[in-house]
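Quick notes on the structure that follows.
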Amino acid sequence: MTQPVVFVTRKLHFNAAHRLFNPSFSNEKNDEIFGKCNNANGHGHNYEIEVTVSGQIDPETGYVIDLKVLKDIVDRLIVEECDHRHLNFDVPWLKGINPTAENLVVAFWNRLAGSFKQGKLHVIRLYETERNYVEYFG
Amino acid sequence: MTQPVVFVTRKLHFNAAHRLFNPSFSNEKNDEIFGKCNNANGHGHNYEIEVTVSGQIDPETGYVIDLKVLKDIVDRLIVEECDHRHLNFDVPWLKGINPTAENLVVAFWNRLAGSFKQGKLHVIRLYETERNYVEYFG
Amino acid sequence: MTQPVVFVTRKLHFNAAHRLFNPSFSNEKNDEIFGKCNNANGHGHNYEIEVTVSGQIDPETGYVIDLKVLKDIVDRLIVEECDHRHLNFDVPWLKGINPTAENLVVAFWNRLAGSFKQGKLHVIRLYETERNYVEYFG
Amino acid sequence: MTQPVVFVTRKLHFNAAHRLFNPSFSNEKNDEIFGKCNNANGHGHNYEIEVTVSGQIDPETGYVIDLKVLKDIVDRLIVEECDHRHLNFDVPWLKGINPTAENLVVAFWNRLAGSFKQGKLHVIRLYETERNYVEYFG
Amino acid sequence: MTQPVVFVTRKLHFNAAHRLFNPSFSNEKNDEIFGKCNNANGHGHNYEIEVTVSGQIDPETGYVIDLKVLKDIVDRLIVEECDHRHLNFDVPWLKGINPTAENLVVAFWNRLAGSFKQGKLHVIRLYETERNYVEYFG
Amino acid sequence: MTQPVVFVTRKLHFNAAHRLFNPSFSNEKNDEIFGKCNNANGHGHNYEIEVTVSGQIDPETGYVIDLKVLKDIVDRLIVEECDHRHLNFDVPWLKGINPTAENLVVAFWNRLAGSFKQGKLHVIRLYETERNYVEYFG
């Protein structure tokens, strides 16, 4: 029998510094494009990351995916790597990436996709502030 | 003339106890699968339920559905039944269901679908905590 | 090379008065349909508006659209026009519209669509209160 | 035996229109002092009101005051009177008061003080927006 | 030299079931006093607990108390004991206490007071829901 | 006649990087005391700052202090200086201060005190995250 398909979301957070900057731009162009986000010493955010996995409900457990498993995967692959770090310098798999919210959410997708044995990754939503967020569906 | 299609959402809440538990599992397996959610005396949540109805705007009222009507339907069919209850024992139409968020959101859909004369049920989102939620589109 | 498509959202707010009212209805019918929302002197809300733009990431900037540009467009076309106003009387492009959340979100879409050089307008979400919101996808 | 003194708070909300205006000022002075808050047709807010009552815990009930009683008093005396109203015109006991948050919180205090048989009124906090609030301790 | 006195607050949460009930009352009186909170099988909440410690800033660390230490004390003494439990049955040091928010906040104070080597306990604020909270200053 | 005394609060926010670090400590001791907050390249936060001013209500305006004036003072003296900056390097009046939340809130008080012609500064509350905040009363 087909089980209903449900979307399951877990929200986590991390605190990090970043600087928006394109090394192929002149200083003037970096200032013009990125404004105060280009501050040389960086600035920072309390990032919130929401990861949504979709799948049929397992009739034995009533779960699409155990939320603790979902949390642990995102904790290990994203939060423990990014929390209390400078995203331009301290995270090997972000090296060479200009850490806009758009580029980060794609990098997070690429890192998480393939990690789920139950359900499949549907969307990642990344809040830079309460008033700004981005979403990527792969 | 075709009217624009708009999605209208109303959020309500209820406070309830539950226990995750599969009677066909051994005690050991229930503990292994459900961990602290399997506490014999139950635990509880402030649930938030968001119900979204879609439809064309009625040109006379400017409504897809009167939000008071939407609220009253969800209040009567879900909130008044589940609020301040133990979901494993006190709600007749949840009997025999392991009350994971996934199973609850499907049970709520089945109970609400067919109740709307204006618009049609599009999605139900159920928050167990601020950091965990599930969505079901029928 | 194709760049990933990301959805970018900016949230803004404005405070306004409104009255739900259809001039072709009798007073009795306006009261029956709109209830306390038909109060002759109006009532008001802290509206929250979320505007989502989708598009490919620009490989040079890492942006779909500069969030400051997105914010400035919504500020100029919506917020500066509606903030601290009575929506039935003070906003020329809302004249003749019964200011339900549904009619407002469509009017906001019509006003914003066509303003974006980068990305395209995907959805507008309008909160009347923390517990009520509407969405329009055009 | 002396019981511990605890502070108990209930939050409620109402949606209302208002206009800041001093009839003894010239139009120019009203504009200068109140700016866009002086818009002739008014504007509005989703007000949040938090009422705090302090007192000894009743050893029989474990309550300082039944929160349902506290809620019902504030509902009857404040929310039902102000919700979906224009505060300059529609509320008899606010007549002649310039409805700044400061003047409102004092008027609410005067209306609530003396209504509590258990505990005593300690503070009222009134949010005009998420970013502005006032507090009055009587 | 005297250092400035600062108040430092850490918020944590736990999910628990409870039932309001006085064993010396008749069933009828329990129903009359506690209403739906007296549901025999219990109901539940996402509790939020805020613990505030005050003290002089240590000039070497810039801390009143290391927030990680504060968090660990509250986690060990309160959260690990109450999370995913039924407060009437599962927590030895709450036995015999009718678990109203008022009684809980006093029990939490008594359990935490004396645990801080740096700073002193100033207030505990306990949210039962987003709209209800209690505070105890010892 | 004496006017009622009301407390008026305005919340603002800024995004900044910081590093907790005492130059008189060895590297080992900095690591031991500050843990991941001592990351050499810094990390960051979305800070929220709430400034409360108390005073008698002006009977002509109904204000303790015009909230726009309060906002402009905090914007000019704090937010414009700290937003999108690294607090260890980019803010002259924070030089030599280890930017813990405790030290920041005292520095903000010293910078704001004396700036208010109406009312007087009562308390500053600084949120580093949604779960951590500090308060200083001068």
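A, B, C, D, E and F are the chain letters, set down in written order, and residue numbers restart from 1 in every chain.
Just so it is clear, a contact is a pair of C-beta atoms (placed from the backbone, for glycine too) under 8 Å apart; a residue touches a chain by one contact, two chains touch by 3 or more.
Please read all numbers here as calculations on a predicted model, not as lab measurements.
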item: Required steps from chain B to chain F (each step between touching chains, minimum); value: 2
item: Contact distance in steps, from chain C to chain F; value: 2
item: Per Cα centroids, the chain farthest from chain A; value: D
item: Higher-contact pair (C-beta pairs counted), B-E versus A-B; value: B-E
item: Separation of chain A from chain D, taking each centre as the mean of its C-alpha atoms, in whole Å; value: 41
item: Whole-Å separation of chain centres (CA-atom averages), chain C against chain D; value: 29
item: Two or more partner chains touched - positions in chain D; value: 130
item: Chain-level touch network, classified as line, ring, star, complete or other; value: other
item: Chains touching one another, given as label pairs in label order; value: A-B, A-C, A-F, B-C, B-E, C-D, D-E, D-F, E-F
item: Residues of chain C that touch chain A when the two form their complex; value: 4-12, 57, 60-64, 66-68
item: Residues of chain D touching chain C in the complex; value: 13, 15-18, 36-37, 39, 41-46, 83-86, 88-90, 129-130
item: Complex contacts: residues of chain D adjacent to chain F; value: 20, 22, 24-25, 33-35, 97-103, 105-106, 130-137
